[in-house]
Amino acid sequence: MIGADREAVLVDPWGRRMGEVFSGEDRLRLERLAVVMWGLDDPMPIDDARRAMADAVAVVTSGWRYGPLPPETRLRAIIDVGGGFAPTIDYDECDRRGIRVLTAAPGFARQVAEMALGMALASAREIVAGDRDMRAGNEAWQHAGNETTFMLFGKPVGMIGYGAIARALRPLLQPFGCRIRAFDPLLADGYLRSLEVEPVGLEELLETSRVIFILAAPMTDNAALLSRAHLERIAPGSVLVLISRAHVVDFDALTELAIANRLKVAVDVFPTEPLAGDHPIRRAPGAVLSAHRAGSVREGMWDLGELVVDDLEAIVRGLTPRRLQAATPEIVARILGRAAP
Amino acid sequence: MIGADREAVLVDPWGRRMGEVFSGEDRLRLERLAVVMWGLDDPMPIDDARRAMADAVAVVTSGWRYGPLPPETRLRAIIDVGGGFAPTIDYDECDRRGIRVLTAAPGFARQVAEMALGMALASAREIVAGDRDMRAGNEAWQHAGNETTFMLFGKPVGMIGYGAIARALRPLLQPFGCRIRAFDPLLADGYLRSLEVEPVGLEELLETSRVIFILAAPMTDNAALLSRAHLERIAPGSVLVLISRAHVVDFDALTELAIANRLKVAVDVFPTEPLAGDHPIRRAPGAVLSAHRAGSVREGMWDLGELVVDDLEAIVRGLTPRRLQAATPEIVARILGRAAP
Amino acid sequence: MIGADREAVLVDPWGRRMGEVFSGEDRLRLERLAVVMWGLDDPMPIDDARRAMADAVAVVTSGWRYGPLPPETRLRAIIDVGGGFAPTIDYDECDRRGIRVLTAAPGFARQVAEMALGMALASAREIVAGDRDMRAGNEAWQHAGNETTFMLFGKPVGMIGYGAIARALRPLLQPFGCRIRAFDPLLADGYLRSLEVEPVGLEELLETSRVIFILAAPMTDNAALLSRAHLERIAPGSVLVLISRAHVVDFDALTELAIANRLKVAVDVFPTEPLAGDHPIRRAPGAVLSAHRAGSVREGMWDLGELVVDDLEAIVRGLTPRRLQAATPEIVARILGRAAP
Amino acid sequence: MIGADREAVLVDPWGRRMGEVFSGEDRLRLERLAVVMWGLDDPMPIDDARRAMADAVAVVTSGWRYGPLPPETRLRAIIDVGGGFAPTIDYDECDRRGIRVLTAAPGFARQVAEMALGMALASAREIVAGDRDMRAGNEAWQHAGNETTFMLFGKPVGMIGYGAIARALRPLLQPFGCRIRAFDPLLADGYLRSLEVEPVGLEELLETSRVIFILAAPMTDNAALLSRAHLERIAPGSVLVLISRAHVVDFDALTELAIANRLKVAVDVFPTEPLAGDHPIRRAPGAVLSAHRAGSVREGMWDLGELVVDDLEAIVRGLTPRRLQAATPEIVARILGRAAP
């Protein structure tokens, strides 16, 4: 142990700044909790970091750029604040040595869920297109301006992916009385039911939902999960919110459906970002477009820090960390970009 | 009584169409409940209508264009589906003769509340402006596109007017954990507290809320209630949603604040509609503008009919109607446009 | 007006004491709100009271012992804190003169609803009988002690009477996921549905509910509404909570069913109180018996005063009182004990 | 694999019967999901069971009576349906071999939470004592019978132990508007806050709560956690519900406080069961006593089976089991009765 009575934590967020991840309050909690090693915006020199791992009980970082685990460490957890599980970590070695690998990715859920609801309402009620018409001076008033709108109240909602974002979105939808169904091949049906959502097959979800949220993290087995044929099953005029991630959808097909005004699409994430200036989706009349802005509201980012400090408290006190997402073997097997073992 | 065992109801919505007010299902319920007199989209000839009042227990109409109450009627209720209380009704006479005057205006609440939330999220998260930037090709990505956005979660919310719209909006805001306060000079503080909202003075509301909803019906005593001085008390960058009614606000002042980008205003109602093509608010960069579209979604209008049929059921069965809003003496005294008694 | 700027209110609760109705806080609010005339526990001399009505805008009392309305009054409301609508008031005269008649009876709802849930759980889980066995030393442990118990979770619940108590009980049942249906001949089906409860016929309710709450106020038309034949329709082993009022049930039949252990009855109200010492229900093994204690918890009584002061605030400010229950014509027609008009 | 395409599961509940753990529906789901080996009420011969583990992907049993793990198994999970984590399992070996150890204990939570609420209401409102008085013929009516009762509404509630029972109890208390605080040395403060409960020190909890629930599982470090001195800190007349487990409390002290009527205690679990016939708590006048009946309602037991089948579905499909409670290293270190490693 570094001090007489306090554990040490290595905090090297690089990619992200300290003040971006931690609110002032959480920064203070962190420092009361443990000796903070580094704790600066600049990347820590790798050799220093590896040496520090001999003393630290946890590393907080983005990705993993430190090479193999040092042979002697006190590490009990590696915590990612970049947004997922790093493909460069040796998960088997961590497992053997009792080091938990955790991600703060669920910390994005609240702000992304809020944006997802906002974009869904903007689509269904045509708030964006209606504003555009007001500015062009060709708006239609009252009933005439509502010929293709619909209310969210009572509509069947489908969620593709039922992770942290979906779970944060669910209570926001609750007062609208929607029937909510989910497709998530990573979660057993019984578990979904215990979360008060109905498990459903992908095709049935697409055919019978009026508002569809794509909320699935990219994994080895869900690239372009939503093919053109899938997208064409969605009932015309329905809302499709693509907010996490473009990886799971045939984006060309989605673009064509948006341009044809067959669906009310709302898109926050794109196959390449920044999106090409001449990408045709930029001209889709009914689309709601957003430059990957759902998960980067300043105050929202601090949710990540809250999760991190909450679980560092658990780790330092010898308790089970329960707020961050843990890399279970079943998730590890699906992490994109890992070298073959 | 018209038939051997069924009451009669005169339904003459004019201004509105039958299919606009009543869903197919409610139309059927209505016809099972009572003998429907007229029930057509065209306005009923006034003399016929007055004669029919000798038999009908209730009139459903928009406004009141039938002159003084006929001397002999079986009427127990006059129900307005236009959107408020008609200034042309003789309320004292109704009171003397035990005829309730009711309005279906609360039937607009659900769809307007949904739009209010949608416009608030579109403002706070800059969904409309963000889409405009994507189309212009000058969008800022991720954090750079979130410099002036904020999340609704946890923000202090103020509601000006706490009638049916506010009560429909409150549950939609509940999952965001906002502290909700209301200013409504028509409701006693204790009653507001019983609705789980904190009563607050207008100035304190304006100074301390980050999201403000204007939800007050126009009355004799609230024209331009929100003066320029009031509007200037609002903290810069806050969201102001004007959705019912422009009557209560100094619209020129609001326009100037919107153009100066001092507030994030979202406006669905205007002092004159259609709005002049060259009205400067059309060019306010941060504003979200809507052509009085919050209360005229097709399926949403049927909420009015549901209220009407529910209370006709009560009236026909000799029970107290409890879904429509009743004209209490205190409300009657504030109806706009009534001739001096 | 009594003072230069304050209305006066006559408060003569007799039957009840001031400190029983009003918490210290509400007493203070009351005195800030208006000049309080009388405000003592002893009954006010009737002549004094009638004279005071020339100045008071409201009378707060139990029953109505003042005879006909004085010819000249400023009264706008008569408020009962005894528990119902007095049969001795001239309701037609009040109506003619624009005087509202209001009751604080809904103020009992919260404490009675809590007791109703407590008695239902005590019955279903056999908490009372289980304790009796422990004291007699003949208890059955674990599974053996649960042969005839059941859980409230997910059971069909029926409410007979859907007034203030039922509405206070409903949220307490919500987390148990019960389907809740109600029979209330005073409320239209559409209104019940708007309160998120299913209207149902009495016989279907009795046959298909596993937990039944009798929550109906006594009226001219519901004496012994629940006959022996009705009670026999209830499925054996079901819970029947009789908490308001014995008037509506054939109590002899209920007693026999309780003694035969055919139903798990829980009874707080009796046809005559105190109940005869040798009444056979006192020996019914599975019954839960309570000496009319659901509505007289000290702190709970203050809910009445809160309603009263909230609405006095409305009346004094010229607003519509909305917390107390108003005597509508349809209710007046059903008040027990009124002289024929 | 046993069949061409189906995994096998060894189900040997002994101590419990199949029909006690699994509802008919879940039994069916189980058999559709996997080849069920054994699946009988009688204990499986140990040698047969060990052999079967070569093929089974999971074992469902009570405790662990099979000795060391067989050297060759396909096991991915050991699932306990007895009520906790068996001290006889070699957790380190399971960890090394990637076998999860899981318990269905959270399946008791719903029925125990319901009983906890029922016992708390029975105590606060004196439903049990009130019934006893009715039977003895010495009951006090209305206000006289409520001199020492109180309402649960709005009272400060303290929970000692915030595991599955507490989390099932929390929503049941929600409509009562209680401030809920918890003491749980196994859970970090931040995690408790994320569950919407306030972490609090044990002494503050005892001194400031009006209703206290003891909901802690017995562990190596919480025997008699609640000493006499602790119990004496509780405000007189408060409710103390002891429902899981007697292990954590000085039961003699609790008994004395109950007999002195200083606390309203409600007790479902005892240091030895069956409780001695002459144990003095049997005569404590204000106590509510129950013969360990909170967790053995027939239909309630099926919650265990539901959790088991839900997670077997996950295991068979190669997904992470998320409904049962997993033995984390921090919990393993606290399991009662484990041999020193």
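Order as written gives the chain letters A, B, C and D; numbering starts at 1 within each chain.
What we mean here is this: contacts are C-beta pairs under 8 Å (C-beta built on N, C-alpha and C of every residue); 3 or more make two chains touch, one makes a residue touch a chain.
Computed from a predicted structure; not experimentally measured.
Peer 1: Going only between touching chains, how few steps reach subunit D from subunit B?
Peer 2: Graph distance in the chain contact network comes out at 2.
Peer 1: Check every other chain and keep only those touching both subunit A and subunit D; list them.
Peer 2: Under the touch definition, subunit A and subunit D have no mutual neighbours whatsoever.
Peer 1: Which chain's C-alpha centroid is most distant from that of subunit C?
Peer 2: Ranked by distance of C-alpha centres from subunit C, the top chain is A.
Peer 1: How many angstrom between the C-alpha centroids of subunit B and subunit A?
Peer 2: Centre separation, subunit A to subunit B: 37 Å.
Peer 1: Averaging only over C-alpha atoms, locate the centres of subunit A and subunit C and give their separation in whole Å.
Peer 2: Using C-alpha averages as centres, the distance is 51 Å.
Peer 1: In the complex formed with subunit A, which residues of subunit B make contact?
Peer 2: Counting only subunit B, the residues touching subunit A are 20, 110-111, 114-115, 117-119, 121-122, 124-128, 130-135, 137, 139-143, 145-146, 149-153, 171-172, 174-176, 273-275, 277, 282-283, 287-293, 295-300.
Peer 1: So in the complex, which bits of subunit A are touching subunit D?
Peer 2: Residue positions touching the partner: 98, 186-191, 193-194, 306, 309-311, 313-314, 317-323, 328-331.
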